[in-house]
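Here's a structure for you.
Chain naming follows the written order as A, B, C and D, and within any one chain the residues start at number 1.
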Amino acid sequence: MSYNIRLLISCPDKKGLIAAISSFIAMHNGNILSADQYVSDQGVDRRGAFFMRLEIEGEGFGLERREFGSTFAPLARQHNMDWYVSYTDIPKRMAILVSGYDHCLMDLLWRWAAGELDAEIPLVLSNHPEPRSRVEHYDVPFYHLPVTKETKAEQESAMLGLLNEHRVDLVVLARYMQILTPRFVSAYPYRIINIHHSFLPAFVGADPYRRAHERGVKTIGATAHYVTEELDAGPIVHQDVTHVTHRDAVDDLVRIGREVERRVLARAVRWHLEDRVLADASRTVVFE
Amino acid sequence: MSYNIRLLISCPDKKGLIAAISSFIAMHNGNILSADQYVSDQGVDRRGAFFMRLEIEGEGFGLERREFGSTFAPLARQHNMDWYVSYTDIPKRMAILVSGYDHCLMDLLWRWAAGELDAEIPLVLSNHPEPRSRVEHYDVPFYHLPVTKETKAEQESAMLGLLNEHRVDLVVLARYMQILTPRFVSAYPYRIINIHHSFLPAFVGADPYRRAHERGVKTIGATAHYVTEELDAGPIVHQDVTHVTHRDAVDDLVRIGREVERRVLARAVRWHLEDRVLADASRTVVFE
Amino acid sequence: MSYNIRLLISCPDKKGLIAAISSFIAMHNGNILSADQYVSDQGVDRRGAFFMRLEIEGEGFGLERREFGSTFAPLARQHNMDWYVSYTDIPKRMAILVSGYDHCLMDLLWRWAAGELDAEIPLVLSNHPEPRSRVEHYDVPFYHLPVTKETKAEQESAMLGLLNEHRVDLVVLARYMQILTPRFVSAYPYRIINIHHSFLPAFVGADPYRRAHERGVKTIGATAHYVTEELDAGPIVHQDVTHVTHRDAVDDLVRIGREVERRVLARAVRWHLEDRVLADASRTVVFE
Amino acid sequence: MSYNIRLLISCPDKKGLIAAISSFIAMHNGNILSADQYVSDQGVDRRGAFFMRLEIEGEGFGLERREFGSTFAPLARQHNMDWYVSYTDIPKRMAILVSGYDHCLMDLLWRWAAGELDAEIPLVLSNHPEPRSRVEHYDVPFYHLPVTKETKAEQESAMLGLLNEHRVDLVVLARYMQILTPRFVSAYPYRIINIHHSFLPAFVGADPYRRAHERGVKTIGATAHYVTEELDAGPIVHQDVTHVTHRDAVDDLVRIGREVERRVLARAVRWHLEDRVLADASRTVVFE
């Protein structure tokens, strides 16, 4: 079965990095299918950071999976690299968390079934019971973990247990309306994607459509971002907007916004699954 | 010379308003070229507000300009109307205020010369000297009023004097970087349009592109709004955005943003000049 | 149960039409909730066409449904009106036809279940068996009518029979890949909406994504239009596009295009169901 | 004075190209500031084409300009490369051709003066006299070459003479309404950019806005493309669109379209000047 190797690298910029990396690949007979590279803004007296994403043909590549790490390590050490390798025949395992609104969930499931999202979905978790039948229709296991003030801590532990048990790589908050604790967030650094139903940094927090309507904005949007401890402040992966008019009441904004939310979330999830997103402190580098 | 009459009305909603108004026009032999109407969201126990814009053919209309007011007044009084009438053969008089960045200014002047903006431009005012030659190339008078902390109050008086002397109907802040005093603002209610170089309510105040870059947003925008006493908080007339990527440094955002700024401002100004914008408290009704 | 009345009118333009119509409504104690009006471009020596859409509160309106027609008829006759009245408590009956690609179908079903589309869906028809389970999951009857060259005429008759039996008002071709015969088309004038996966009039006919790729376009789109006898030439209801790059192979265009197709079709269907679309010869008037 | 070196390469794809190229740069002590790479779709039994764009810091690079060619030649020959090198301290020389509509011209001149377009503009050529004063206001020489049926061949020779004399690298047709002869086109392969005021391949040829209006489209667009012998059929560099409604008459489409035309053309010109556009037969590779 044919597969590709994806290599993500970030390190301090210096001369010769591309040559060093691509020569390493060539030396092991690798065929580079695509290469993306970016150097972040340099300050006055310092070099920027170097980011690279390589996709290499698996067939014919001279390094076994188990030996890649030890062979690449000296080069990585020499240049102070953070690096990450993945193989396209081992899809990431994605959990979806959802509450009462299921439009993002259903969109992700449809796309997944249509082959747009290269992942396994071992489970969908919800604090609401309603999505069960639609989820199970896609033969995806559904877990209902109702949350109250009293049970919140306990249920989060249960969730972490389930995610751990199912060896989840990526957690998608598809309009999951519970705020996660720092413990949860820190268990999946840069691996929890949330969709916020506003154009961040506008309308952080609850009820953005109502507040957008009150402010009289002429455009509404949605933002997919990695979750960090601070609410709606994590690195942004993707954003988009759509026009609205004075005729649109709050309910219309909710309806129109759903369209943007699901589109923005699906694209962010796809990019993450394809290893196209690298963290650059509070920002992201996205190699589309 | 052919002309049209524009009639703007806002009042508490009730039954029969459209019939009453259009019958008044028909009774005086008016030909309605376009009619737009909107009723704002009603609360639970009250009716909403009614907004209407009519464009009537001047030729054949049975009321002289000087008698329109007195003839329409009883109907207006009966329904508690705020109303406004304008004639398309009397273009509005628009002043443009600008500082060091002239892209919005030059765009407005080009569109005006191309016939896109139906207005007279009696003057351009600036606290910088540079725009003079480009403005005068369009045969528009240019006034340079440099502003320092000490002269600010005095210069604002001079500006108000000039605007008054030139009987200005609309003040456009085309990237004018001085904050206007409440005295100035209150002299032109709903008649000062500002372009803010962010997607409001995100990034109110200074340096929005730098702050957008720091936040790592994937979209930047611009907002045209009426100026009120509170900074960047006035009713929004138009907004638009464009995509950016991690590759775009602050300078790129500035360049890309210029494109959006001038487009958004030009459209807002055009709508205002065509009497398409009505104030609905802190929001606007725009009959495109 | 509260409901609204929608009145659509088109006729030759003349003075006093709005007054005549709104006075008719006022005379019968009707409360106009929204009014949209448009006069098409006039030629040099003739008046244009007048189009109007009114939404009137059902409660308190003085005419019974059965007497509306006879009461309105004299006015309609006097002004040569084509007119149409509908009541929002009687949703339209919409059939969806689909072939092998189900993204538009699933999107419509999801929106319908979410309350975005005010319609009944008495049946989904397909020449492919696959969609059955997903359709029935929404408790919508599914009919599989396979089509071959030999059975095409016969199956179309069967389809017309089913549509007739289920008293269908609107036929949506959600990527239905069979060309309908003139007999079928003429049975539902301005009541068959098709989604074509290109930006019409570019790429009429088969395989638009492949042809778009060959031409090297930088934007792809989709068009929702009423079906007429000539292929992909009917009046356009809605269009939208999205950017693509040289990196996007034909398969990517197909995937990216699906996003646009379902968005464009859903919006066109919604507008039709809300009686917002009027035919103006080969064009449409859309009162958003 | 600091400068960068831009190296564009296209050749048949094979293993090790990136390593070979980047090692060549590293061997000569070059600092790669940005690297973009793309391999076009491969057919079933053949490899695709490889495209690369490198931007290298001038300072510290070990090859003199006059020796780059001879030093790089063996590697280029070995891999069958088409290649091109440019230096950012030698701006391209751009001529603008224009007819009666000056919006694209004025936009390019404004952007050029604002520093957005890194080029010299030795001349503007027009078959109309009107643009002279506005062009000369930017201190750019203006040549008026009126064209009639009889003088067309002669004037084209005069134009080619002027372009040659001014050592022009890029010819921009900023709404130049004369069709160029094959002789002219072949003198500047992939170096003539035209803006066509439609969304190609829709509405090839004359009067696209009128035809768009007749077809009743809901979106209009503009396309920047390299000029080839076949009318409006050259490789597309950039396209964009904007929404229109039934209310927009042909004149409105013209006005709204101007906005898109100038934006699309400016972006295509900028990309070309930055050596971001490579020809891939009838398509383009654009490294944004």
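One rule holds for everything that comes next: a residue touches a chain if its C-beta (ideal position, glycine included) is under 8 Å from a C-beta of that chain, and two chains touch if they have at least 3 such contacts.
Note that the coordinates shown come from a computational prediction; the quantities given were computed from them, not determined experimentally.
Visitor: If we look at chain B and chain C, which chains touch each of them?
Guide: In this structure, the chains that contact chain C and also chain B are A, D.
Visitor: Measuring between Cα centroids, what's the chain most distant from chain B?
Guide: Result for the farthest chain: A.
Visitor: If I superpose chain A onto chain C using their CA atoms, what angle of rotation comes out, to the nearest 5 degrees?
Guide: C-alpha superposition angle, chain A on chain C: 180 degrees.
Visitor: Does the chain B and chain D pair touch with the same residues on each side or with different residues, judged by whether over half of the numbers are shared?
Guide: Over half shared, hence same.
Visitor: Quick one: report the Å distance separating chain B from chain D, using the average Cα coordinate of each chain.
Guide: 37
Visitor: Nearest whole angstrom, what separates the Cα centre of chain C from the Cα centre of chain D?
Guide: Chain centres of chain C and chain D, defined by C-alpha means, are spaced 41 Å apart.
Visitor: Listing for chain C: what residues touch at least two other chains?
Guide: Within chain C, residues 38, 247, 288 contact more than one other chain.
Visitor: Draw the chains as points, connect those that touch, then say whether the picture is a line, ring, star, complete or other.
Guide: Contact pattern: complete, every chain touching every other.
Visitor: Would you mind writing out the residues of chain D in touch with chain C in their complex?
Guide: 38, 40-41, 199-203, 214-219, 221, 235-241, 243, 245-247, 249, 280, 282-286, 288
Visitor: Where on chain C does chain B make contact in their complex?
Guide: Against chain B, chain C makes touches at 15-20, 22-23, 25-27, 29-39.
Visitor: Which residues of chain D touch chain B in the complex?
Guide: 103, 106, 110, 114, 116, 133-134, 137, 247, 255, 258-259, 263, 288
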